[in-house]
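The two complexes that follow have chain A in common; it is paired with chain B in the first and with chain C in the second.
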Partner chain A sequence: MNNKARWFYLLPYVLWIGLFVITPILLVVYYSFFDLHGNFTLANYEKLFTFVYMKMIASSFWYAFLITAFCLIIAYPAAYFITKTKYKQLLLLLVILPSWINLLLKAYAFLGIFSTDGAANNFLEAVGIGAQQILFTDFSFVFVSVYIFIPFMLLPIFNALDKLNPALIDASRDLGASAWTTFRKVVFPLTLSGVKSGVQAVFIPALSLFMITRLIAGNRVITLGTAIEQHFLVTQDWGMGSAIAVFLIITMVVIMIVTGTRKRGVQ
Partner chain B sequence: MTKEVIIRFDHVTKRYDNDAVVLDHVSFEIERGKFYTLLGPSGCGKTTILRLIAGFTEASEGDIYFNGKRMNNVPANKRQVNTVFQDYALFPHLNVYENVAFGLRIKKVKNSEIDRRVKEALRFVNLSGYEKREITEMSGGQRQRVAIARAIVNEPEVILLDEPLSALDLKLRTEMQYELRDLQKRLGITFIFVTHDQEEALAMSDEIFVLNQGKIQQSGTPTDIYDEPINRFVADFIGESNIVPGKMIRDFEVEFAGKVFECVDQGLNQNESVDIVIRPEDLEITSWNEGKIQVKVDSQLFRGVHYEMICYDEAQNEWLVHSTKKATVGEKIGLNFEPEAIHVMRLGETEEEFDKRLESYQEAGYEQ
Partner chain C sequence: MNKLIRAFAAVFAIAFLLMYAVSVLNGPEQKAGGNVLTIYNWGDYIDPELIHRFEKETGVKVIYETFDSNEAMMTKIEQGGTAYDIAVPSEYAIDKMKKANQLLPLDHSQLPNLKYIDQRFMDLPFDHDNQYSIPYFWGTVGIIYNKDLMKGKEIKAWNDLWSPELRNNILLVDGAREVMGMGLNSLRYSLNDTNKQHLIEAKEKLDQLTPNIKAIIGDEIRLLMENDEAAIGVVWSGTASEIMWEKDNLEYVVPEEGSNLWFDNMVIPKTAKNIKAAHQFINFMLDPKVAAQNAEYVGYSTPNQKALEYMPKDVVNDQRFYPSPEQTEHLEVYENLGADMLAYYNELYLEFKMHKK
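And then the complex of A and B:
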């Protein structure tokens, strides 16, 4: 009886995971072993280790790193500030609100703002710097990505800071620690789990960005995401695209394990 | 002993966000090397006083002095004070050893010295061998003792203890009471101790402040406060007591329970209404005829050291009696007491007026 009931509850989960997680991964792995003509081959993986692809991988990691780093630098102090105010729920909502708007809409909005005669250039001219080429630069790519990912970094950090027992800060000050030492020795270590979740939520999707990359950076930035898109939609080399995808999946798993929160002391 | 004031509160008022006042013009002096206890019901402002001393919160009005210097704006980390928090506030990411060592590491004490002092502090709280444990692996009482060790290891001038023994069983608690008192005397540290437990307060303190609703009701040595409570609240809060309404006929004569009794109080107005306090252990049971008051035993409990009886007199006043002798429920008995056992409390008397009145008795030759 009990066992049957358990299966009943488990069924939707198992179906979902099977159809939309396991099957696609198996398919991707399967395709990655075939060349353009449908012959079994390991060449796709060999190509991954050539200079062109290595450079692409490095550049993907570099941009993902930049995006994550800027998100963290902005989101941590912002989250800290929000927890200290009276209206923290309202302020938090304001930060999260933009993430409810469709990604494509936001990207198009930035196309307008950053275009040759957009708001950003109008401002630069008014200040006296003069119009610049903003769109299709790596600056605009990182800027827009940071803007889009900030809520995902901020939320887990906010939660960790909000959960922090304020008496611990009192205790640290009581024992002679300055505000900075208290941050270093108490606040940051205790919110590290939030930082890790935030890094996961930003770094992993940032690795495989392709739509923003296409729209905002044009051909200036080539990442693994754009490469997969190219192979599937343009060159029709599904095998190579799948091999890159497999590589990305493995990377993500590794990142999850490395930044995963292991509970200390509790068996 | 020379009297050296280490902390002074001068008309300190504390208000949270314009709500009702939490502390209302509180003034007191703390002398170096003494053991003080703040005693009062939940929510009366004990923790708030400690937070003001430690510097976690600011006074709305009034001044706080430390060694004669105004301290209101000195940050917590610059004050020579360590706190044992009511909710322990141990660092969950550090083990027991590192929690205790935290303050010493901040002060950049040498590693060998840290090791020696941390181990000594842990030995003091009976936690030797627990150094490597995580905080989550400790019981409530063990955590409380880690919190005590973390404060005393720094040997500050003043230690603030917010109900530091509340989670311990009776035996460990008594043991820790002796050890804390001993440590305080040995190191000459000033202790400010918060407790709900009046027996703990009476046993440990040099001086007790009884608080109610943000005001100090009475301060004094444990015997002062126990023997001469200033008002109904203090009498009721410190130890169990019988409080009945009465009338001061003239000096040395007081009327209550429908009779006139000899007492040791004087200097009150004739026929002034007063409250009478008689401690349950000052009442002695005798036969109906020999007693000063005649009562009927309503219920009786065996309390280990004594029997506790609740009796009613003819005017339906309740009398609580602690006696080693046993009575029978429903029996009619007499209660006897000495004139010194009667404590007369004027209604609405301030602490200064009260102290003055007590002094006048001593001048008149009634040494207590």
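And then the complex of A and C:
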């Protein structure tokens, strides 16, 4: 009975994973071995290693790296600050709130804010810098992406910092460590798991961003996500699109392994 | 444990109640007794009032769905999940669908209003004798520019866009055929060129345009042009007329080197269930007064000659949107180049997009 009940409860999970995770991945892998005419081929993978796609992969990684780095630089101090205040839950809510709004709506809002006569340029005019082109630049792309991804970086870091026992910091200071040393040797290593999950949650989706590359970067930034979209919707070259997707999936697994928490006695 | 089961039961109960509520709310729509017509059209491409009028006149219930690219539309019809009775593909898509046996032949005896269509738009190469398709709207690809921002400078040709004065001032529509076609035309090659050497030349020519390009984007061009975000946009004539409707002091030109002439056409896909109502609808849309009202709402050019009589003179006589046969003579219609060539066009287009300033 007990055993049966366990299987019964496992069923929804197994069905879900099977239907919506395993099957699609297998289908993507399957499609990636066919060319435009439905013949079996390895050419899609060969193409992936040509200069064009290599350049695209490099630029996707570069932008994903930039986005992740800026997210971390902003989110870590912010999370630290939030844990130190009285209104933790309220402040956290304010950070999470924007992620309840549809991504497309936010992108369109930035289209207005960054436009030639938009709020951002009005501000620059007022402080005497003068209007700049903001929309459709690398800056606007990274800025908007960071804005969108920050909650995903902040939350795990906040959780890690919040769980940190303050006695450890006191002990470190009592034993003569400076504030910087305490941070470097005590706080940061103990919150590293949060940083790692934050990096995963930002870097991986940032690799395959596609809508923002069009709306905010005006297709001047091309990522792997853009290429997949084009292959599926325009060229109808599902094979090539799938091959890029397989490459992305493999990359994600590698990143998960590299940034995964290894059980090495800490904690 | 019991609590869990109760929670689940509650969720199911609510779900069923909601399903029932939805079916009750949809009830009146199903009363048409199965006489339903499913239309699959581009977004914002019909006057909704006309759909109501058609429903009233014929008693047919219309379900209206939209798509935003020929490719997306073809994929859905190929999969056959929904029984679309009418679709509105562009000319090269019709050729493709014809070859894939996805279209049903039309019965011209059920379309008496067909006589109102200008002979110029009948019997075109992508569908001889209009066996499968009836023209819905037509237009060109061209350049819209803001006279204020251009400070009196005029644009006449594709090659004018390469002028260094236009740095960061051009918006391009995000379409491989349109952008590659612009490169090809600027070199005086055909839009349908399949010579790879020519295509590479066109791509390299486009690379040189990159410093002038502000963005390669979709329907947002309308908004950006209206807000003076850029001086120049490469757009379809219909988009241009919509922008000009909103804003003064804009000009639209079809470049002298040549450009694309396109047609969107009504067809009955193979998935159709209500072929009689589909013919009724096509005939209804061909009625001159209906076509005139639709053209005024949508802003694209109607192929219906008689309809022009019911439209404002200044619209119909505007040679920018109703070019004469002499003016369209040197324009080209997209041909279906086949999957491999299309893939090659897209590959070059992707490379062009990746070209940095």
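Operating definition for what follows: the second predicted complex is superposed on the first by the 265 of 267 C-alpha atoms of A that agree within 3 Å, B and C clash if a C-alpha of one lies under 4 Å from a C-alpha of the other, contacts with A are read in each partner's own complex, and residues count from 1 in each chain.
To be clear about the criterion, contacts are C-beta pairs under 8 Å (C-beta built on N, C-alpha and C of every residue); 3 or more make two chains touch, one makes a residue touch a chain.
Small disclaimer: the values here were computed from a predicted structure and weren't measured.
Aligning the two structures on chain A places chain B and chain C next to each other without any clash. By the touch criterion defined above, A:K4 lies against neither chain B nor chain C after alignment on the C-alpha atoms of chain A. Touch criterion not met for A:K84: it reaches neither chain B nor chain C.
Touch criterion met: A:R173 reaches chain B, while chain C stays clear of it. Judged by the touch definition given at the top, the superposed model places A:V186 against chain B, while chain C stays out of reach.
Counting the residues of chain A touched by each of chain B and chain C gives the higher count for C.
In this overlay, which is a superposition and not a single complex, chain B and chain C have their closest Cα atoms 35 Å apart. Across the complex, chain A meets chain B through its residues 165, 167-168, 170-178, 181, 185-186, 189-190, 264-266.
Chain A contributes residues 36-37, 52, 55-56, 59, 111, 115-117, 133, 135-136, 214-215, 217-220, 222, 226-227, 230-231, 233-237, 240 to its touches with chain C in the complex.
On chain C, the positions that touch chain A within their shared complex are 69, 71-72, 75, 168, 171, 174, 176, 213-218, 220, 223-224, 227-229, 339-340, 342-343, 346-347, 350-351, 353-354.
On the side of chain B, the complex with chain A involves touching residues 51, 54-56, 75-77, 81-83, 85, 87, 89-93, 102-103, 106-107, 134, 136-137, 150, 154.
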